[in-house]
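Please see the structure below; I have some questions.
Going in written order, the chains are labelled A, B, C and D, and every chain counts its residues from 1.
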Amino acid sequence: GCGGSTGSSESSAPAGSAAPGAPTDDSNCADEAVFCIGLVTDTGKVDDKSFNQSAHEGALEAQKQTNGFYKYIETQDAKDYAANMAQFTNKKYDAIVTVGFLMTDATLEAAKANPGTRFIGVDQGYDPAAVPGKNVTGLIFPEDQAGYGAGYLAGLMTKTNKLGQVLGLEIPPVQKFAKGFEAGAKAANPAVTVTTVYHPAGDNAFNDPVWGAGEAKKQLAQGADIIFGAGGNTGNGALQEVAKAKGAGTEVFCIGVDTDQWDTVPAAQPCLITSAMKLITEGVTETLVTAKDGDFAENQTLGKAGLAPFHDFESVIPADVKAKVDEVVKQMEAGTLQTGVTL
Amino acid sequence: MSETPTVADQAAAPPPSSGGTSGDKKPAQPLAYLLTHQSGVVILVALAIALLVGAALIRYQGVSPWYAYETIIREALLVDGGLTRTLQKTAPLVLTGLAVVIPLRVGLFNIGGQGQLIFGAMFGAWVAYAAGGLGFLGALCGMVAGMVAGAFIGWIAGVLKATRGVHEVITTIMLNYIAAGVTWWLVTGPLQAEGSKTSGIPQTELIPDAARVGAVAGIPIGFVIALALAIACWWMLSRTTLGFKLNTVGANKHAARYAGININRIIALSMVFGGGLAGLAGALEAAGTLHRFEPAIGGTLGFDGITIALLARANPLATIPAALLVGILRTGAPGLQFATGIAPEVVDLLLAIILLMVSIPVLGKWIFRSRADKVAAASTSWGN
Amino acid sequence: MGAWIAKNRTTVIVSVAVIVAAYAFYYLKNDIAPSMYVSAWGYAIPLVLAALVGVIGERSGVVNIGIEGQMLVAAFAGFFAAAYSGSLLVGVLAGIGSGLILGGFLAWTTVKWRMDQIIAGVVLNIIATGITSFYYQPGQLLPGLMPKFDIWPLSKIPLIGEVFFSGTSIFATLAILAAIGVHVALFHTRWGLRTRAVGEYPSAADTAGINVERLRLINVTLAGTLAGCAGVYLSMDASSSFERGMVAGRGFLALAIMIMGAWRPLRALAMAIFFGFINAVASQLQAGGSIDIPPQLTGTLPFVVTIVVLAIAAGRVRAPGAVGQPYVKGDQ
Amino acid sequence: MSTPENTPTPVPADTAPEHLEAIATSDAVLELPPEKSGFGEGNVGEVLLDLAGLTKSFGSVRANRDITMHVRRGEIVALLGENGAGKSTLVNQIFGLITPDSGTVTVKGDSTPIKDPRDAIARGIGMVHQHFQLVPVMTVAENMILGHEPTRGGAVLDLDSAREMVRSLSAKHGLPVDPDAEVEDLPVGTQQRVEILKALSRSVDLLILDEPTAVLTPQETDELLGVMKELAASGTSIVFITHKLREVLAVADRVYVLRQGAVVGEVATKDTDARGLATMMVGREVVLSIDKADATPTDTVLTITDLHVLDDRELGAVNGFTLSVRAGEIVGVAGVEGNGQRELVEALAGMRKVVSGQMTLGDLDLTKANPHQTHHAGVGHIPEDREKHGLVASYSIADNLVLNEFDQAPYSKSGVRQFDAIREHAEAVRTEFDIRSSGVQQSAGSLSGGNKQKVVVAREMAFKPRLLMAAQPTRGVDVGSIEFIHRRIVDARDAGAAVLLVSAELDEILSLSDRIAVVHGGKVVAELPARGADRTEIGRLMAGDH
């Protein structure tokens, strides 16, 4: 996870950085021996505590492991995707990470134009017919499975049979988490009702912790006792609100998303029983490392998703609940259990 | 010294006599004034100060300011395709700038450019796709549709202002949210591309090649359209009876009514114009850049339009250099980050400082020890 | 009293109707109504504080469209000052102080330099966005939680006590007190009379011996503290983190609230709560799941309702006469 | 204290426009024997106000040149001069609103510069400004106390004592006003009364009145003149600006005459008369009463039948108004302001909705017409409020001259404005109507009041209307311009136009009209021929006594 915040992601630090002995600039990227990694964010920044940051940290780690070179560009305008990727391809970077499903088309086009460069599209599921060659892979995650596991846990834990979800924008990754959560909860406990609110469309749908907190408060007041906060900082606002509520950690709980938010949102610890994880950082690192070695899974790479450790709630959650959740997670990994989520 | 009209005097909304009848004085031509007049010097000094402040900021980041500025210029103008991209970015900025300028002349503050643009982009993209088989004609239909959609949003605000007295600042803010919500719903529902339904990506179908708006010899057609419209707006405002009506309503509502001008119609019309221009900007973005509608298509274009209109002091022609400045900075920003690691927000700070410096009326006084320069009065229309 | 009611008949009728409806809903739908009211008020708090900034500024003749930026910087300064100093108090003071400084910036540029007020506000917003984004630091935490308390005995009043006076916080209380305070100050004190004169017709104030520039400078600067409170509320009370762009348009909404409130503090308070309530209704529609309206459309409800209500009811509210115009004495 | 000099300052030839050069050198300028100057009637005491060498320029306009004058305690001094002569500029410097370029203002022996009005107030100066300085949305009481508010506990307004103050002041000076009325709802005459009371609400040693009577009825004016005399008798000094010579002669002890920013003469009122003053001001003989031929009215042009119109507050303002005007006659509508005249004119101009009744122009129904239609039906309208309705201040004279014809040939061809035609028209009109400006491109807002009015009059007459409506056509205009405007109105009549003249100025009505309709309460209460009309009788009718 991005816990511990090593400071590597300070926005004011130069984008290019290098491990000892690694290349110090990108003048030799064309060289076979020099592995250059570029990253283009979705409109957002590498310290957004969300998918951009996770991917960025994954790339940093990959740079260390490959002893390569790494740089990023923070996109400000969705119309700059191509131009930003071109900055890297012009310098003959070896691998380029593009973050977010909005860049799907732009990534495929760039891959087509630059067969010598490997592209990794985070959260991008490609239509196999559209994939131009072996130099591009979409890194996708079974968010619905993570959501399902978390929902299953919540369904077993709830006393009021009311669950809440405070979500970011209604976009595919978020929807998959949310629908998975609902399906899991219902599977565990048919009596449960799940209240779901997405942030209404807006530029700050993932950056509105105040709205998230307000919605969480309202859901608690209406009887929900476990809240799933999934939507960047908006969701984090919800987690923090639950952590402040009366009975936090004993009667009301919260569930985080994406990474183990025990580390990323310490303020949520009083209520945070687990997080529905989507291991972007690890996924990006692994894919980049394999990309350097040359055996690159074309078209699609399935990243990992799952539940974070229970941390302090290890003792709070009954053993039989843990066992049941474990069982469900195993079944999903084995492919014997389908979440049934479609968009 | 203070007898000669300054850029500001000429450009102030509304302008004295909109140029025109002058036999003894030159008509209001902002570019000419920029070069020949005292205020031109003031603007240059203001720019220089802004660049110096920006330099200090960049220096503080540990980067050579000279190198940083050079990078922006290189990336925006000199590298292969840079100029095209800059002009591509400038085109919608000119239009959203005009979308603020025209209502401003009538005394209305249109902060709804963003919503009007989004709406225009949505319908522009959809019509251009649907009529894509018609080729060039399809492109035209798309642009008209975008214009109409944007104009519709503007019209709502205009009509409510004219007939019900609802402050346009409220309605345009509210309509920004409404337009965002409605287009978002359309693009994830009825108008979502078939191929995107399974993945859930919010985007419409791609506009077929024939109905796209491209570039000729590296000059984007959209830019040419924007230029033509800026000139047309200037001509309309300063040379036609319609422009006279718009200016008169802005200058003195009571006198306008007395003069037999239908104020309500002019107020609504100005918002229709503004909305239409912003809507066209959206349609051009759809047809020329993304080739489809995505919610992120608007970027910050609508709000940049306010900055541009203010930089241009409500003068349609001056929106061109103002938009070009913004276009250059925005095009150069990613390259700047690539080359130096400086976060692209630095460009916004730079823009803010430029706007600040250019708009300080006392700057002229400090430089020339003359009377304070008058600046386009955007806010004098606020209270109406 | 009778005369006051006669003079404010519409206000009284509307207020009574609203209050009756609110209590009826409260008792009829006891499972969801209270939480919706709480949510409405929570939504309204920063809007009220920010709208008051607008009211004070415009009543003095200065448009402030930089409220969004003031709030953003205050949220930023408050949060990080608290995080680094380890003291909530330091954070609150820093946030309020930054609001004050930006208020001073707006005041100085518009009053002393006679810069266009809209431009000054736009500049302020861009700078605020730029700075807070540029100097943002991840991974900081507040040293603690803002205190919550009940205001006894008001907290015992049904509905009103529950919503406004129990489990409340400093800023929530402040929002009510400030609205009342500004109303009283504006309409019943010497300062208020002078402020309104300066905003309506500055040359009349000037010829009556009032220092127009100084009063505007002071008012716009001090109003910045309320914007500071609104910002601090967002990052330290309503949530416990600072994020880029977290004000999320509330500064602009506050301007709309100000206009809907006809530049009157108490009416702005009422309008903010009304707006917050429609928001709660919108998310309730989404959450309830009984009717299947896409969330994007329910999300637009507050804005649609606002426009419709204004179109039907508002008529022409009038801005202070001199708002937007720098005051230039006879010979300049 | 030395006796102030009062040698007339000749107008420097290099800056004076040609048309005034002759005046400056003409022997019409009065030179007074020095020993006569400075001594008026009444209980004059020591010099209270002393101006030495005051000079003020606005850009290239030299509004005041080396002005030297003085006012003694208890003395009423009048300032006379054409529009734009620099009277307001002068008194605004005394009140601290304008900083002189050079020269000193000495008040009660203290010659430290007056920084701002606050400073002036502190030194015992009060002023009634040419343009209302009242906050329209506030009540009379609130306006009255602004700047010196009675409070409880130092901060909370004490509106009760404010009301009390208004009532007692009203009673004391015989100027009744309702303390709780909002100023914008009051007729202008009452607003002026508020202004005067406001100035009197602080005890002042020097009271400056800048055209306070421009919007007052004759009765109100007489009341004010009475108040001024009382104040002077109790030792207050007064500087009084007016364009009405009758008033000067009635109250002033001495008169200073300004022309082109300089003092061109000083005279004690007992040594002069109206004709002399007018000559001093304008530099030539002024015809004070117009001589016109008898009217030869022909067909009825305008017919108003049982008209009902509401005012801004939606109250009935015009209540069953019936009147007709024939071609070739001037019908004067006499009435105290606020009796529906404004609403009547606005309704006729298509700017206000008609509730019921009918208005026809020839056989054209004007009842539902908008301003555009009425104009093109041939109605010329000189509006009461020229700054608000009549002119676009930021536009050039040329554009203002085509304000309601801008979309007609030859000023526009297929929607494109024809600037050559507009300019030619403007040049011609400017010469014909003697509009004094640097050219037709000068902005209308920078013209003096009289010339602004000439622009409006010129525009409305240039298109030869069938019906000319003139509302307060000479308000605030100097005698020279009044003469000119009156002449043009009579000329229009003689050319066959029907003229509806609305004026609060009874003298104007009496001297111009062929027929007089007296209005009260929004309807005509009497119609009488102008010849031989009795002033007092009309005054009585106007007051609602019938």
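In the analysis below, a contact is a pair of C-beta atoms (placed from the backbone, for glycine too) under 8 Å apart; a residue touches a chain by one contact, two chains touch by 3 or more.
Small disclaimer: the values here were computed from a predicted structure and weren't measured.
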Can you list every chain in contact with both chain A and chain D? B, C
Is the number of contacting C-beta pairs greater for B-D or for B-C? B-C
Taking each chain's centre as its mean C-alpha position, how far apart are chain C and chain D in Å? 45
CA centroid of chain B to CA centroid of chain C, Å: 29
Measuring centre to centre with CA averages, how many angstrom lie between chain A and chain C? 35
Show the residues in chain B shared as contacts by 2 or more other chains, in ascending order. 177, 181, 184-185, 188, 343, 371
Could you tell me which residues belong to chain A and also touch two or more other chains? 11-12, 45, 170, 200-202
In contact (per the touch rule at the top): chain pairs: A-B, A-C, B-C, B-D, C-D
Across the complex, what residues on chain A touch chain B? 11-16, 43, 45, 71, 73-80, 83-84, 87-88, 101-102, 104, 125, 127, 170-172, 175, 200-202, 342-343
Touching chain D in the complex, chain B uses residues 2-3, 14-18, 20-25, 239-242, 244, 248, 251-252, 254-262, 371
Counting only contacts in the complex, chain D reaches chain B at residues 59-60, 349, 351, 370-373, 375-376, 381, 383, 385, 388-396, 398-399, 403-404, 406-407, 412, 415-417, 419, 422-423, 426, 439-441, 443
In the complex, chain C touches chain D at residues 188-194, 196-197, 200-201, 203-211, 318, 321, 329-331
Residues on chain A engaged by chain C in the complex (per definition of touch): 5, 9-12, 45, 47-49, 53, 164, 170, 195-204, 207-215, 217-219, 221-223, 233, 236-237, 240-241, 244, 266-267
